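Structure provided below as structure tokens; questions to follow.
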Amino acid sequence: MKKTRLEAFSDGVLAIVITLLILDVKLPAVDYDHLYGSLLKILPGIGIYVLSFLLIGMYWVFHHFAFMLIREVDGVLLWLNILFLLGISFLPFPTSLLGKYPFHTMPVVIYCINLLLVNLIGFITMIYLRRNPQLASEMLTSELHSSQMRLYTGVNLLYVLAIILAFFVPKVSCVLLAMMTVFLIIRSVVFMGIGKCNARWSGQRTAPKESTDFN
Amino acid sequence: MKKTRLEAFSDGVLAIVITLLILDVKLPAVDYDHLYGSLLKILPGIGIYVLSFLLIGMYWVFHHFAFMLIREVDGVLLWLNILFLLGISFLPFPTSLLGKYPFHTMPVVIYCINLLLVNLIGFITMIYLRRNPQLASEMLTSELHSSQMRLYTGVNLLYVLAIILAFFVPKVSCVLLAMMTVFLIIRSVVFMGIGKCNARWSGQRTAPKESTDFN
Amino acid sequence: MKKTRLEAFSDGVLAIVITLLILDVKLPAVDYDHLYGSLLKILPGIGIYVLSFLLIGMYWVFHHFAFMLIREVDGVLLWLNILFLLGISFLPFPTSLLGKYPFHTMPVVIYCINLLLVNLIGFITMIYLRRNPQLASEMLTSELHSSQMRLYTGVNLLYVLAIILAFFVPKVSCVLLAMMTVFLIIRSVVFMGIGKCNARWSGQRTAPKESTDFN
Amino acid sequence: MKKTRLEAFSDGVLAIVITLLILDVKLPAVDYDHLYGSLLKILPGIGIYVLSFLLIGMYWVFHHFAFMLIREVDGVLLWLNILFLLGISFLPFPTSLLGKYPFHTMPVVIYCINLLLVNLIGFITMIYLRRNPQLASEMLTSELHSSQMRLYTGVNLLYVLAIILAFFVPKVSCVLLAMMTVFLIIRSVVFMGIGKCNARWSGQRTAPKESTDFN
């Protein structure tokens, strides 16, 4: 399996999921006089839409980064990746559920479990990569591996916390997810560097290809 | 973040949004005898569909051009781009709204606000690029930057005008949007050149790649 | 505008349209006992689905071939291409209409007009390319141009014939479209060659790129 | 027809189909009090969703592998590939049917016939490639061809068996399909190698390209 083709296929799936989300932001058929009230009612659904969009955008950035740590794709990494795509592709369902029953326990729990499973696959991928260093690129240092493990563990604990909170104060779970998303986005901005030509991340991927040209 | 991968992902999202629009051009279930009347009723919706299609097509051309001005993507440009995609991906909702309640104030206002936000992100991107010239390609001259700023400002003012007009004569807002779209398409055709091998724009992007081959 | 990026965007749109078609093959909610009768009723809709799928597949092959005749994309070719994509993206609507009212005059007429417009854009593109030989690749010989013009004219006449027939015997129009599609598929198979390594078409596109490597 | 462009188009279609599947996992509009019962009712539909997702993922892997065996695409291979995409693109319909009427004879039969047709096209492609060795890559040895034929025949026999069983015990058919899918996934993991840098499969495709660089 060529790494680039798996990457392109994953990009395709992620681009489609992130765009399909809007199909569930629907207005019930009402007279124009009741349009304003109807729009107010779907506002929470629009909020959930934005949250899911940013989360999938973030997982796309994560996925991109994870693939920079992979040198070669074996059968296990291939199917872990397809399971990851299954998890992301499923997200429109709990998103739609949460939009219909905003701030209720069950939809919040299902939403969080979905995110938890997606994140677990990332977690397992990192462990597998660490145990099979021949599949990892030289970018996956011990230090980076540890920081990644801490990140995945922290995010998973947050999802678990959101699930527990959902049984008592589902609204707080939603706020927690939103805050985590904003935090992770800011973290990824800082990580990539602001206003810097970040040769460290952007150049790494073309390096092997260019080196074959120079040989 | 490799610039080309972000570009491919954005292309994917734009291609999907532009194609999904048709899913909202739906006919209510009627007898064949009432089909003609029913088709007449959704004609404004089809007009809005064509408008949104051309607008997204135009933003795709803009996006392509903007990426020629970018040399490297940092964390801020990455997330500005994802927010741009969020704005474009949301467009099917106000398009559907405007199709259902054609020439009414509220849908026109929401449609224009959506376009305004998309355009604002382009505006901010240009300012950010100007302040971080190390991220810009050599194509982004002072002159080009000024002309881009004028373009984004002009389009934004038009959107604001359309919003104000929507409270009095929503039909005129729609006509204004349609005229602006046609004008911007003609402008982009003239800008790219008619019947000319426009080495200036088309060759620029492959240049760096080819140069590594020649080294 | 890089030719390859416009090609990739077009491929994306065509791939999405061809796949979205299935969303309109829907079964009304019935008991399992009435499932068989319900399935029989949507059989014409499935037939129309297959027809549209093959037609879009064929236009994808046509598009691919047309881009081999283009050397550089100017503003006019860019927007002709976007209009072509608009025409193809609209096809799910008449397909759905024809599936709901199979073998009725109005849906057949709308379906054919849509195809006619798509084909007209191909026709105009060929004329424009001929008048601007600097934009055409060396593959576009006088001979090939003439054969292309004959093909586009023939197909357009067939669409016009199908529209006229639709007012009297709409079923015959559908049969005509189906026969034309099968004929054009067989023609494209023969044109590309059966069992031959057809260096003439498949090699042409990589040639310029490879030549820069060898220089 | 450039092999890579057909491959990219096929990837696009497969990525879209696999992602669209979720659109049919829909909840009927119920009060929050009845949400739990409603969710239980669509559980079989979710199971079928996962099955179809994994099956399409598997056919994507198969498709990728098949294209490594192809050296050049002629008219026949092109249209066999488009027919393959037609078969895969149709799958959301029987998936939706099976989700609505889980474990009933007719939906199971239609689902299996769809898979059978998809698989038959793969079978025919293999035979065609064998008879036209000039189109095959050097990877398609007699041995590999035989093992592929055995695989396609075995899968087809399983689909036929599932169809027959569907008339008596449709549930068993579903279990059979699920077991086959799991088995084929495990087989593909083992085939690609676990934890091995499998130069045999992953390197093969870039080889010709790299060799031109070295010349």
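The letters A, B, C and D name the chains in turn, as written, and every chain counts its residues from 1.
Just so it is clear, a residue touches a chain if its C-beta (ideal position, glycine included) is under 8 Å from a C-beta of that chain, and two chains touch if they have at least 3 such contacts.
Remember, it's a predicted structure, so these values are computed and weren't measured experimentally.
> Identify the chains in contact with subunit B as well as subunit C, in label order.
none
> Where the contacts of subunit A and subunit D overlap, which chains show up?
none
> Could you check if the interface between copies subunit A and subunit B is built from the same residues on both sides, meaning over half shared, or from different ones?
different
> Compute the distance, rounded to whole Å, between the mean C-alpha positions of subunit A and subunit B.
For subunit A versus subunit B, the centre distance works out to 26 Å.
> How far is the middle of subunit B from the middle of subunit D, if each middle is the mean of its Cα atoms, in Å?
The answer is 36 Å.
> Please output the residue numbers of subunit C that touch at least 2 other chains, ranges allowed.
8, 12, 16, 20, 23, 213, in rising order.
> Give the list of subunit D residues in touch with subunit A in this complex.
Its residues touching subunit A are 7-8, 11-12, 14-16, 18-23, 25, 27, 29, 32, 35-36, 39, 49-50, 53-54, 57, 60-61, 64, 185, 188-198, 201-202, 205-206, 210, 213-214.
> Contact residues on subunit C for subunit B in the complex?
By the definition above, subunit C touches subunit B via 1-3, 5, 8-9, 12-13, 16-17, 20, 23, 71-76, 78-79, 82, 85-86, 89-90, 92-93, 96-97, 100-101, 104, 106-107, 131-132, 134-135, 212-213, 215.
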